[in-house]
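Order of writing sets the labels: A, B, C and D. Residues in every chain begin at 1.
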Amino acid sequence: MSTPQNPATPVATKPPSRLYRMWDSDVFFSFRRSPVTIVAATVAFVLVLAAILAPWIAPYNPFDPASLNLMDGFTAPNSNSMMGNYFLLGSDHQGRDVLSTILYGSRVSLFVGVSATLFAMAIGISLGLTAGYVGGTTDSIIMRVADIQLSFPAILIALLIFGIARGIIPPSQQEGMAIWVLIVAIGLSNWAQFARTVRGATMVERQKDYVSAARIMGVHPLVILVRHVLPNVMAPVLVIATIGLALAIIEEATLSFLGVGVPPTQPSLGTLIRIGQQFLFSGEWWILFFPAITLVLLALAVNLLGDWLRDALNPRLR
Amino acid sequence: MLAFILRRLAQSIVVMLVVALISFMLFRYVGDPVASLLGQDSRLEDFEALRERLGLNDPFYVQFFRFITDAVQGEFGISYRLQQPVSELIMSRLPATIELAFTSALIALVVGVTLGVFTALRPKSLSTAIIMTLSLVGVSLPTFLIGIGLIYIFAVELQWLPSFGRGQVVDLGWWRTGLLTESGLRSLILPAITLSLFQLTLIMRLVRAEMLEVLRQDYIRFARARGLSKRAINFGHALKNTMVPVITITGLQLGSVIAFAIVTETVFQWPGVGSLFINSVQVVDVPVMAAYLMFIAFVFVVINLIVDILYYAVDPRLRVHASGSGK
Amino acid sequence: MTEPIISVRNLVVEFPLRRGLFTAVNDVSFDIMPGEILGVVGESGAGKSMTGAAIIGLIEPPGHIAGGEIYLSGKRIDNLPPEEMAKLRGKRIGMVFQDPLTSLNPLYTVGQQLVETIRRHLPMNEAQARQRAIELLGEAGIPSPETRIDSYPHQFSGGMRQRVVIALALSAEPDLIIADEPTSALDVSVQAQIIKVLKQLCESRGAAVMLVTHDMGVIAETATRMIVMNKGKIVETGSVGDIIKRPKEEYTIGLIDSIPSIRDETRRHEVAPAATQLVKVENLTRDFDLSPSFFDRLVKGSKRSVVKAVQDVSFGIRKGSTYGLVGESGSGKSTCARMLVGLIPPTSGRVLLEDEDIWESGSGTQKRRQRVQMIFQDPYASLNPRWRVGDIIAEPMRALKLVSGKREAEDRVADLLEKVRLDPIVMRKFPHEFSGGQRQRIAIARALSSQPEFIVCDEPTSALDVSVQAQVLDLMRGLQDEFGLTYLLISHNLAVVRQMADDVGVMHGGVLVEQGPVDEIFDAPKVEYTRMLLNSVPDISKVE
Amino acid sequence: ETVRWARASDALTLDPHSQNQGVTHTFAHHIYETLVDRDVEGNLIPRLATEWAVKEGDPTVWVFTLRQGVKFHDGADFTAEDVVFSLDRARSDKSNMKQLHAGVQSVTAVDDHTVEVKMSGPSPLYPNNLTNTFMMDKTWTEANNAVEVQEAGSTDDNFAVRNTNGTGPYMLESRDPDVRSVLKLNENHWAETKPAVTEIIYLPIADNATRVAALLSGEVDLVQDVPVQDIERLGSSDGIKVTTGPENRVIYFGYRFGDAPLKSSNITDKNPINDPKVREAMHLAIDRNAIQQVVMRGQSVPTGVATPPFVNGWTPELNEYPEKADVEGAKALLAEAGYPDGFTITLDTPNNRYVNDEAISQAVVGMLGQIGIKATLASRPITQHSPLIQNSETDFYLLGWGVPTFDSAYIFNDLIHTQAGHYGAYNPSGYTNPELDAKIESLETEVDLDKRNATIAEIWAKVQEDRVLLPIHNQVLAYAMKDGMNLDVHPENQPRLYNVTFGE
């Protein structure tokens, strides 16, 4: 925050390496100082890594129906099935290894969550930039639409979009498209936050003189938006994005609970929970418990990172 | 002020029309109501006949126009599934949803604001850290899981509270309330907690963030320099200023409580409009679904209006804006 | 002899920062007697505000008093528990902050805030407190206080708000008033009024005032004694006359020297400007439509409302000369400038660059883009914080396709950086790594990069310290001589204009009320408004 | 005694002829009554009709003798008039029950207690169609303007939808759709033994977990739709017992036949399913016992034929199925058929209609995967699933088939006969065999039961040989209730609470 008081210093010193500068930056400093954030980052990192590496580290491939044996079903954690196969976290009603389904499921959940968030970001940022920069009627219309989106719960919007997709896409292709529909549905129900934030920030940035300077030179408005304004409104977007990611993952889970998620043969964490909760009373707790814990850990870690990022990027808190 | 409200209303009508169009369009694709209306023994010609009778073969705009003209008269037709007038069904289910939503909103607001203020005033204390982390756990769990978990613990294992339904209701003629009987109140606890948890966390975090921001403002510093008491600064000045942005977002959020009730109502078999909606989606009961969406839009519009009026009451700066000088 | 109201002994304020301990105030000692106004000057970051904050006990954590003592009427207060200290604030020590726009809570009426403060400190009931509040507002110079007391802050102008803030600070008749830059957000004319109010109040009540500012002129007009601070330390203490007329320390000498005076008559050019006019402004007019929406007009019958920001302004600028544009805030100076550089289109009238209308599309626009540039007021906002300095300076060349390769651009940038006296190595850095003055030089380098002939400077130095201001003005002058540049210089600092401009135009309410050679206008203003403007400028030359 | 009875969904309407749907009928059976009924073994038993027989000399006329001294809830007498009225109403255009009475030409009252139903041809099995056709009071219905059946999508409100006047053992006290309905005992019911249950509180609870929780926490006494995985837990809980029994419903998979290539397969020049070898291979690949053990937790009766044992025409021989999956044999057959590497196909499954429907399909996907057939699972709610079948948009699908007439002809008509007119509504896949079609049509009018049964056997033999359908199992139902209550499982999942007894 403090501005260099001595005008002589910045000129002379040789800039240190990029990596060092990043490590030494205020953001990373606040990171190093917060043990909760370090734990959250570690958890998130491990979960994401495990999800990415699932095909190599998972003991089984639960997405390959041919490799499953029904008779392995309902094996308790840390024991062998009737068929003699070992399951660390037990197996589910289809004889799938719970550990492997979690690894593969996180992959699906993360993919859906990240893609949906990116999609929402893309829409929200472009609309927000346009609204904030152009202003006037365009702004009013975009913001009214955003209001409508915000006032309708994401779940409802996603349900409806899912409905339409079912109507439009021929039945034989629906399964392959399901994951993309899910991404679009969640994305379309979450863009307004981005649009609002970006619009607000854009309206502030637009007033700044560096934009005027570029306009004087005759730089094309689109270039101004993308090269000048966009980088300067990214900080709050990043914060919303992390929290939006956590929300998207949970939203995917809820949609799966309501029965409009990914196919059960390629379950996400949400689908796993939906399946698992059927066995809540029957004693096979592990089918619900482990995916649920994973989901909570993932969402919690991402949320905590978002929290930290919000504070770290807020200059007034430094 | 009147002009301001009138303008809002005009905007609202546009919003309602758009929602009507969207909902109507969407529902055409949710599924084929005919399939669920007719049983296993029906034949193809029956399907065709029914489609014709329901007007499903008419062009899209004809159907939409019919829908709008009826909707304006509060006429949403007869539920395909329950064969009763939709408006009647919605009205009979509304008290349950409103009582649930209202209670949850109240919990969320009171607890959310209290905790938000508390954590903002003690930014470094251990209890703040604990509350903040716990609240995150709250939003990291899907609602349905929380509901099922609460049922398992409090209804099945401990048997303290009912697991489903509204309990005993008292008929007040036009309103059936569960708030006047013990069993009604007991039934309300679990669903209300489930439903409020998400909003509570949101409001709490929002209040905290805003309050921290406000506490750094110059007028707070100046209030300190004037020697005002801590109480007057924290609650008279900081809290009131915090509420301005909080009101808008909270208002919008509370609107979505009613809609969020879908999941909670399903889990707790709460006889409100949300579970009516989900049951209707499953059998593609278009009249009910359309009416429900319109209802949600209406709630949103009303809440927005109330928020605007509140805003107007709280923030004197807006009064100039509202009375003419634009932005 | 009477006891000093406030007595500061060896005060040290420290900030434990990430990269070590930062000492904001270092071993500062001074006293203020009853009825005395002590001026505190020094450039930005000198520790002036921190000293004030330390006295009233409002240093933002993690800052804290690390040493020294503070006595209020002989009683030590720096080590009081927080609740005790809170009781002193407002009652014994009042404070006025710089920004009147943010010091008042927008949600309460002025009266509510006054009554609340009064009742906190004085045993009065609601009605009495209200009566007192009205009196205070009146004393602070608010006309018809009985009716204005129920207004909200946003219904007051900046100057009035600042008076309210002063009334608030005085409401419990404190012995000591700390005024931290109470006028720097205000117009010169308003500033003069506020200074008057402050002075009167102090005299009539016998209170002590600590007046923090970096405007030496204000001190010269108000204070009796002053201290000069630099880097947390007191450089010099003494009577205002002594220090201004006979500064002893080198730092003070430099400071006083770099203050431009409105009476200054140093010559500006080595090369005299040509007689041909480069820029001609003809009947320039600009309206802003602030009408309510169509719907509102329909429902409420509210009227259209139009702000006439610039009305029928005509002037010409000679090639190689500097044209100054002065006038109070909101008089339309910036609007003019924005039309001149092509940021907003005029409602009517023309801007001619060598007889070509720059608002005509095609060659006019192209010509304007290359030959007209602008330097802005805020050096922090005029550079994109995410861009490297090299890219910032090269942007006009790239946008206007004046260079072909990367190498060429880099060479040109290095060249330009040297021109503005910066090491070319800074190309790789980001703007936040520079001080305000350095940034303004980068902005100038950017403006020069398209090799323009005409540069519009909208308050180029008003965000800078006096010493830095002197450097920047110096640079601008040098560049003008070197490249034969033509400037339009907008400033409300009349002294700066006097020092820089050849011709000057005075604007008031969107109209150009007077124009002519700078010496003529400043020495013998013909218009009443110009005279008023010139008179309200605090100036160190007024000190005896 | 009061019984709080929970199941997954509510009756759709109280109008007995408006919906032909099990849940609605089950509820109606407590208020209204039918001429004939079915007991828990699936046998026809008298209810409002004491006797029924084909008229001597005219095989196209059925004669029903009505029970005497029966009164409606409002006190009116039950007479032949009412039966004629009710049957006509059930046959009327807007009634959803009309398919069951398609063969009826006219209904006449011979005297106060005799009714004759004239069919368009000999209809030996017609009484089987009457088990869900309820008798209404003519006067009451006419007085309340409810002669027309409420039809879906109509805009007026029908009195009979919300009000009842039946002859049944219970009277409707209050009803809040989807929430709670209360029935109280009809003191004037004709039956000699009064039901032990004097009050029924009917509570629809949609969510499985919540429904089970409600029983565990003692908030309900009887849960009808018990998830199979919870049977064990409920059975072993104190104070709760579970009764199970077979339902008259078979779960099977259907295919798309014909030469046109499949819509969802990588084989784009022909239809692999059309090859009997492929179908045989799929039949061999399924391990029905594993599905029963794991997916159904023992709560199903695996079968090799697409008919439940209750149905006329079922034989133990037909029912035989491979004890274990024969993966090698199936692979060999596939190779022989020209698909050594298998092929891909989409399997459409409902996910909220039958017991563990989605999980069964999922298991089958795995089993087919082992012989190289890579199936993609597409799971949908039944409302979206059934249009796929009706519109022939599916290549491979799961369906359950209940047989309300308890006769194989019901299955043949809809699932085996070529799709045409009244026939083949659920044979979207285009299986066609003119010889079989002729045989199926002959069943309708054949009066000689032995001859008829022989034809049925022939048809089944051909169906099995062709592997037209891929049957998995017959569904088993479970009712969970508090200890001390006795209620047997009804094969049509229509428990009658007036048959409940208390005590051991």
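Note that contacts are C-beta pairs under 8 Å (C-beta built on N, C-alpha and C of every residue); 3 or more make two chains touch, one makes a residue touch a chain.
Here the structure is a predicted model, which means the values were calculated and not measured.
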Just the chain pair, please, that has the highest number of C-beta contacts.
B-D
Just the number, please: Cα centre separation of chain A and chain B in whole Å.
25
In whole angstrom, how far does the Cα centroid of chain A sit from the Cα centroid of chain D?
45
Averaged-CA centre spacing for the pair chain D and chain C, given as whole angstrom:
86
From the C-alpha centre of chain B to that of chain D, how far is it in Å?
40
Got the chain A residues that touch at least 2 other chains?
166, 277, 280-281
Which parts of chain D, given as residue numbers and ranges, touch two or more other chains?
209, 213, 216, 352, 381, 384
Listed in rising order, chain B residues that touch 2 or more other chains are 31, 148, 152, 156, 278
Which pairs of chains touch each other in this structure?
A-B, A-C, A-D, B-C, B-D
Listed in rising order, chain A residues that touch chain D in their complex are 64-71, 73-74, 93-95, 166, 170-172, 174-176, 259, 263-265, 277-284
List of chain B residues in touch with chain D within their complex:
31-44, 47, 50, 53-55, 77-78, 80-85, 89, 92, 148, 151-152, 155-156, 159, 162-166, 266-269, 271, 275-276, 278-279, 282-284
In the complex, chain A touches chain B at residues 36, 144, 147-148, 150-153, 155-156, 159-161, 163-168, 246-247, 250, 253-254, 257-258, 270, 273, 277, 280-281, 292, 295-296, 298-300, 303-304, 307, 310, 316
Chain C - residues contacting chain A, complex:
17-18, 22, 45, 231, 338, 341-343, 365-366, 369, 372-374, 376-378, 381-386, 392, 395-396, 399-400, 422-423, 425-426, 428-429, 432-438, 443, 446, 450
Touching residues of chain B toward chain C in the complex: what are they?
2-3, 6-7, 10, 217-219, 221-230, 232, 236-237, 240-241, 244, 314-317, 320, 324-326
